[in-house]
Amino acid sequence: MKTPAEIVQGLMLANDAFSQLLGMEIKALDLGYCQLSCSVTAQTTNGFGIAHGGLCYSLADSALAFASNSRGHQCMSIDTQIAHLAKVKLGDTLTATCTEIHRGKRTGVYEVRIENQDHKLVAFFKGTVFVSDQIW
Amino acid sequence: MKTPAEIVQGLMLANDAFSQLLGMEIKALDLGYCQLSCSVTAQTTNGFGIAHGGLCYSLADSALAFASNSRGHQCMSIDTQIAHLAKVKLGDTLTATCTEIHRGKRTGVYEVRIENQDHKLVAFFKGTVFVSDQIW
Amino acid sequence: MKTPAEIVQGLMLANDAFSQLLGMEIKALDLGYCQLSCSVTAQTTNGFGIAHGGLCYSLADSALAFASNSRGHQCMSIDTQIAHLAKVKLGDTLTATCTEIHRGKRTGVYEVRIENQDHKLVAFFKGTVFVSDQIW
Amino acid sequence: MKTPAEIVQGLMLANDAFSQLLGMEIKALDLGYCQLSCSVTAQTTNGFGIAHGGLCYSLADSALAFASNSRGHQCMSIDTQIAHLAKVKLGDTLTATCTEIHRGKRTGVYEVRIENQDHKLVAFFKGTVFVSDQIW
């Protein structure tokens, strides 16, 4: 059985071009748990001059993938929701913390809280994954 | 009152670095309606070698922003959900079609269907926006 | 293989005490499709004197169950969302129309639109079900 | 300014026929916080012989309404999601705990965790409310 770091850092993030493009870094990792951060650059703002909603979503979705796959079975996101709570500005550093709400045989449910550098909650995400039979 | 094209093409997409980075192009635009497309490149895949979930979300979220802002009032996404229905592969071309479900004084609800080049539905998105008093 | 009517009317609704309590009636039924209605009574209002949000949700959730189970495999709701769009008043008659967005081997995605007697959209629901191996 | 108990117990639950019909009882209440319970009766089961999904939703939606309105401004549910995580059986006692994730000027976001009598998490709910100018 591979460790969470072998799966997530070695097999997932190392091959994950989009997460790398957005500058995501793993801050903490455990079974069913992941903390992931990135910064808002001039490439990731939208027409309002603030971070595109897709940046927070992508950060949360990667955190979900890493936390849910860390247990050894390959998991695929089925259904996800994100509430955007506060403006995210150019230069902000975001930290997404993904925790496991429920882990069943076939599905898992996770929440992700995204905070900025001032510990202000800027987005709240919930995701359901399908747990496959495929082992990493 | 500005036209949808003046608002969306001229003021939003023209300044939207992230949508440009992902190669989004407006295919159709009307009051409360937007069709937006992009392709999956080597930059937007994840550790499974398929498109990162954040790509579909970002495409849908931009389509939501464009469709909801086209009516003249500035709208901000409050709460969004996306179901990932089929794998999206490197080289696929995605088209997101955003339609208006409901438009009230303070909130609007939109759905976005994302199809690939074979007209297979790959993601289904629903978003609620806050309609502000601010005019474009 | 049982027909949609045998499954939904004969085995599901006939034993579904809560849907009966709320006065739900099947208006139309087909593979992956269901139209279901009920009225708002004095029993189903809340402290604002309008229909409790749980009434619309319950109607949509039953419509989801009926549409998804009609294909013969037992399906269980995994994740659902509902947007409440307009006030639902005492005496209103609600009609929920559930259509299939996606049906895979393991999951299905459905949307439900709930209208009142004036054909005004009052709620919009999306649900994901798990498709089990169990046959009705 | 009215207290949470005056608003929730005195003005909301006292007039909330549906929450009463389902046997909901307030276990704890504070600003932005509510704990609410009910039991599964023969009236609230579905065709699978387990609790109808609408029961958990209704309990969570009432908890959301009570927690969000407790601060004095009238709040209306805009968009809600519920994941059903484990079967809820006839005779089970459910306790919903609603906590505040975010409270802005115009919107609030809350989560609700529903556990059974064995402290097993059976449903996870997230809701966004619109905060009106209307004072209780």
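The chains carry the letters A, B, C and D, assigned in the order they are written, with residues numbered from 1 in each.
To be clear about the criterion, a residue touches a chain if its C-beta (ideal position, glycine included) is under 8 Å from a C-beta of that chain, and two chains touch if they have at least 3 such contacts.
The model shown is predicted, which means the values in this text are computed figures rather than measured ones.
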C-D compared against A-C, more contacting pairs: C-D
From subunit B, the most remote chain by mean C-alpha position: D
Mean-CA-position distance for subunit D and subunit C (Å): 21
Averaged-CA centre spacing for the pair subunit C and subunit B, given as whole angstrom: 28
Mean-CA-position distance for subunit C and subunit A (Å): 33
For subunit B, residues that touch 2 or more chains besides their own: 78-79, 81, 83, 128
In the complex with subunit A, residue positions of subunit C that touch it: 78-79, 81, 106-107, 128, 130
Interface residues, subunit D side, partner subunit A - complex: 81, 83, 85-86, 101-102, 104, 109, 111, 113, 121, 124, 126, 128
Sites on subunit D touched by subunit C in the complex: 11-19, 21-22, 42-47, 49, 52-55, 57-59, 61-62, 65, 76-84
